[in-house]
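Two complexes follow with chain A in common, the first pairing it with chain B and the second with chain C.
The block that comes next holds the complex of A and B.
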């Protein structure tokens, strides 16, 4: 071993024991402590606590009763609750597919604009709905799509089209809510895709052009593969959000008509806060969490074949 | 404190919470609050807290109006009213229970029929029997002025849980302007369902006008048609007891004959022939273009549509007098009559009143405040502008409705006196689950056009909810 090599561990040891190094470490821990505390208090502990609560029967007022797995057994035999999982999955898939495809299409179109101010204008316009309160948007949209006096039906009426039951038929309500959710969340995927498309190396695009690739071929064979990690990220985030859909259906349809737009989170709220079955509501929350984890895991598995990392 | 017990065993609420069984994905937040809350409950020693369904601005105004009178009862007490907002009573009750779980229950709660049995069955409030008995002489004029049907609606298992001060029966409001334009003679009190449909058909001819509007909820929805069809969602019965009050406060009052210890809501009858027929009637109204698909909720939108003369008729109570006036309707542009007769002319109603929370440390003071709240002179401080029907008959006067209308204001109280079979809405201890299921199944029926299938579903929902409660 050379003298230099022998000195390295010594130097490291000296640096570790240096008072400044200790101070830096303390500062580092202090910096992350707040985040760790925040995550612990508002995410980790509540999830663990919710898991604990799911083994109890509790109506807030009376003494909780330990019931073991009874809430989970009840859940897997509860038709309306299982249906709400199906409704949620269906709506979530529709939201994710639309959010990704429309977001990507718009990003590609905007990215082709040469003028910077045009790009900025579109970016702002598509991002703005994301900044609005979902509750306020849902109330507003509820009025717009109202069967009796909604503005949408009013203008359709001027064209001779009879009133459409946007929110009062099962399919109509689900489709309207999906479209509204997509409209509001589109800005997120759109901005991600615009940024990602702008980072595609120009030399790669020029090479494709020299090789005779047209715009569509360049998009599908060059751009999309290169931004596929961003697409994966957007898909994962969009699906997690969509699986927790609550505000729009709760405010606009109360989960109806019937149970056509009753999502899992609405069911969870009804069981917990309205029917005072907090243990059962927690069990639903835990199963939803598990479902989201499984679906996200599947997305990552699929990504191994579909995502291209440079 | 005990540890975790074997299945079926119990464990102290706060032990569970302290152990971390608190919250998560929304639900956890509630339990977390409970863990941190003050287990003794009630307000601080310097304040008396009341919960109220409405806007905080109105609650603060009311609090300031009542403070001088509360100060006369106790100069050191600050009266605090916290408003809880929501679409309907099930929203309100869910939020009240959240406050209870958070360890900050109120001393007094203003709650309607919807929440009475839920509150009483969970022993959140205290029976007022002893207080009433003690102060019966002072309350004699109160009981003489309040219809016994309202008192009975505030009883549960033989005990009185609230002092009622207001109510609303499901009468029929109509636009006098639209009736005139359609050439329809204003309906008489004894009109029938055929008269109603005939009027609706004439009004529906106007473009952009809906002849009859309604909302999906328990009070004054298709449930009014169900009552008039002599049907109900639950088996009707009454608890024994209550003689302690009837024999003393209502001795000799014919309207109190047969009154017992409160309404006992039994097995679900949601898919009975009469109930299905009533909901089918609503579907037929929709199919005939006489009524649009209804919204779910409290009825604010419906009131707005009525006020802008886009709806010919709708179910409303005394609260619509103030509501329509506040929405810009002129006195005389609307009127009210009894709900049309079908198999009977039985109406439904809901009452409002005040209860004392069990956890309150100032129950005696709270009782004094309750008596103050039901005094005649307090009514307009609490409900300015005819936003509900006074429970005291002496307050339902021509003078009260002179500014707002309607012309036939006497219908409000006469619903109780002329139709003694009029009954409260079916609000059992599991009201919240009932309201959720009713809303879902009603919208299902209207969108699918199949009342029987929807009400079979409601029957199953209610059987499950009743079993779980």
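The block that comes next holds the complex of A and C.
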């Protein structure tokens, strides 16, 4: 009796001292509920499910069969699949290197322009391709790079250059798709670099000038080190995107000629959604994810030496 | 000496401008060709040299594209899908972004950590389980499958959280003392100030999902359910229209809404790109 009586004021006091904390926690959970639900069902659980499915053989219709590491064994002995990893890596590296260097060069040049409207004009020009969908771009680029009727070969012909098999030869198709991807994505790195160059403090640049540094020296010794965190970010995002290259080769070449532009994601689409090998497709997805994580890790490792944090 | 460095600097400047102009021409050329060729008669569309200035614009391709394929239907599907995702994500991400920034609850940093981790995982590597879940939900071959699987966004949550974290906490505390509830404090004080972040997220989502090709390709089978990018690729392919100028008219129609939006909301497009860099 006395124990109960003693407990009552304590409980009341407790509730009084934490009513907001309690209500706040409930409010917090309510606020994140929708996001947690959708992110869990359509992102978090699928990551685990993808890993899980990779140990099964499943054609969507019958019951899944546990096969252990068989999908992975098959993958590492599957010539065409392994080749698609090589194709993806090669094209992705080319895209990222071009996107970073050309984007940076143009950003530096635009940044030197004093007039605001001139800067806005160029920014708009380099940004516009990003507004079109990759599907739209793949369609009109396919026409422009057509072997017989394409505008590109027409103008090269005027210069006396014979028709180039842009999309109809193995190397040509891979290189052309790289160029088209760079053409479209350039606005991303360009806009990032322009914004970041603008934030380089003017007193630092003036100090460099007083010390007698020319424009090139200032660029490589002052500006680029100062914006190196942004370059790292751009490199990481661009590479993650490029490793998933799908739309352009799927629409323009169907992965061909031969398998010259068959990227990992095209292989995965064929195995998973055309052959209905969901287990094998998942194994390819997991290896792709691992490859992306490893490369991103390497980028951050390299960044330790190269990136300059203030 | 002074004279020669002066000349050198001038040559450098002129070369710089020339490179910029050339690059801008390369960036805009294909887009300009697409627009002008969509205005040529079907017969001369593939004729070279290309017509860079449409002296006799022929708009018949724009009506032909409506006759040849259900582009109105594709447009409608794209508007519905993109619109619902934009509105849906604005709601889910504003709510959760606010909670992660301003509300304290047990497990907050762990849950947010999991969100950040999922941001690293590309869509393509989880598409098979997502497709299976869509099937279990009975949403196979429905445009709604594109909506439902895109309503949550770790990146959007992150973006909104960043914005709310910059806001002064004192405002909310003052409102609470005046007796406003948690939700009222959020809705009437903080959400009202989040306009720029909401606009950035909405623009990012619009341009991303309006242009999306991969998920529609996998989720949709029936042509009636196609969104614009998927429908256009079909237009170019087996549906065969006889002329590329008709296809290009479709392409121009598909790009137009993004361009119009860009003209009016350019700074939010730019903000969307630079927002990620602040992580």
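As a convention for this text, the second predicted complex is superposed on the first by the 269 of 310 C-alpha atoms of A that agree within 3 Å, B and C clash if a C-alpha of one lies under 4 Å from a C-alpha of the other, contacts with A are read in each partner's own complex, and residues count from 1 in each chain.
Just so it is clear, contacts are C-beta pairs under 8 Å (C-beta built on N, C-alpha and C of every residue); 3 or more make two chains touch, one makes a residue touch a chain.
These numbers were taken from a predicted model, which means no experiment stands behind them.
> After superposing on the shared chain, does chain C or chain B touch more chain A residues?
Tallying touched residues of chain A, the top partner is C.
> For A:50, select first, second, both or neither according to whether it touches chain B, chain C, the two together, or no partner.
After superposing on A, A:50 lies in contact with both chain B and chain C.
> Which partner does A:282 contact after superposing on A: first (chain B), second (chain C), both, neither?
It touches chain B and chain C both.
> Of the partners chain B and chain C, which touch A:213 in the superposed model: first, second, both, neither?
So A:213 meets neither chain B nor chain C here.
> Between chain B (first) and chain C (second), which does A:149 come into contact with in this model arrangement: first, second, both, or neither?
both
> For A:254 in the superposed arrangement: first (chain B), second (chain C), both or neither?
first
> In the superposed arrangement, which partner chain does A:243 touch: chain B (first), chain C (second), both, or neither?
Touch status of A:243: second partner only.
> Quick one: classify A:268 as touching chain B (first), chain C (second), both or neither.
In the superposition, A:268 touches chain B and chain C alike.
> Considering each complex separately, which residues of chain A are in contact with chain B in the first and with chain C in the second?
On chain A, the overlap between the chain B and chain C contacts is residues 45-47, 49-50, 53, 60, 149, 265, 268-269, 272-273, 278, 281-282, 285-286, 288-289.
> Mind listing the chain C positions that touch chain A in their complex?
On the chain C side, the touching residues are 9, 12-13, 16-17, 19-20, 23-24, 26-28, 30-31, 33-34, 37, 46, 48-50, 91-93, 95-96, 98-100, 103-106, 108, 111, 114-115, 118, 120-133, 135, 148-154, 157, 176, 182-183, 186, 207, 210-214, 217-218, 228-230, 232-233, 236, 244, 247-248, 251, 254-255, 258-259, 262, 266, 269-270, 273-274, 276-277, 279.
> Under the definition above, what is the set of chain A residues touching chain C in their complex?
Counting only chain A, the residues touching chain C are 20-21, 23-29, 31-32, 34-47, 49-50, 53, 60, 102, 105-106, 109-110, 112-113, 121-144, 149, 151, 154, 183, 186, 188, 191-192, 195-196, 215, 230, 233-234, 237, 240, 243-244, 246-247, 250-251, 265, 268-269, 272-273, 278, 281-282, 285-286, 288-289, 292-293, 296.
> Touching residues of chain B toward chain A in the complex: what are they?
4-13, 16, 19-32, 34, 90, 94, 97-98, 100-101, 122-124, 210, 213, 292-293, 295-297, 301, 305, 310, 430, 432-433, 435-436, 439-441, 443-444, 446-448, 454, 461, 465, 468
> Spell out the residues on chain A that touch chain B in their complex, using ranges where they run on.
45-53, 56, 58-68, 70, 80, 146-149, 165, 168-170, 253-260, 262, 265, 268-270, 272-278, 281-282, 285-286, 288-289
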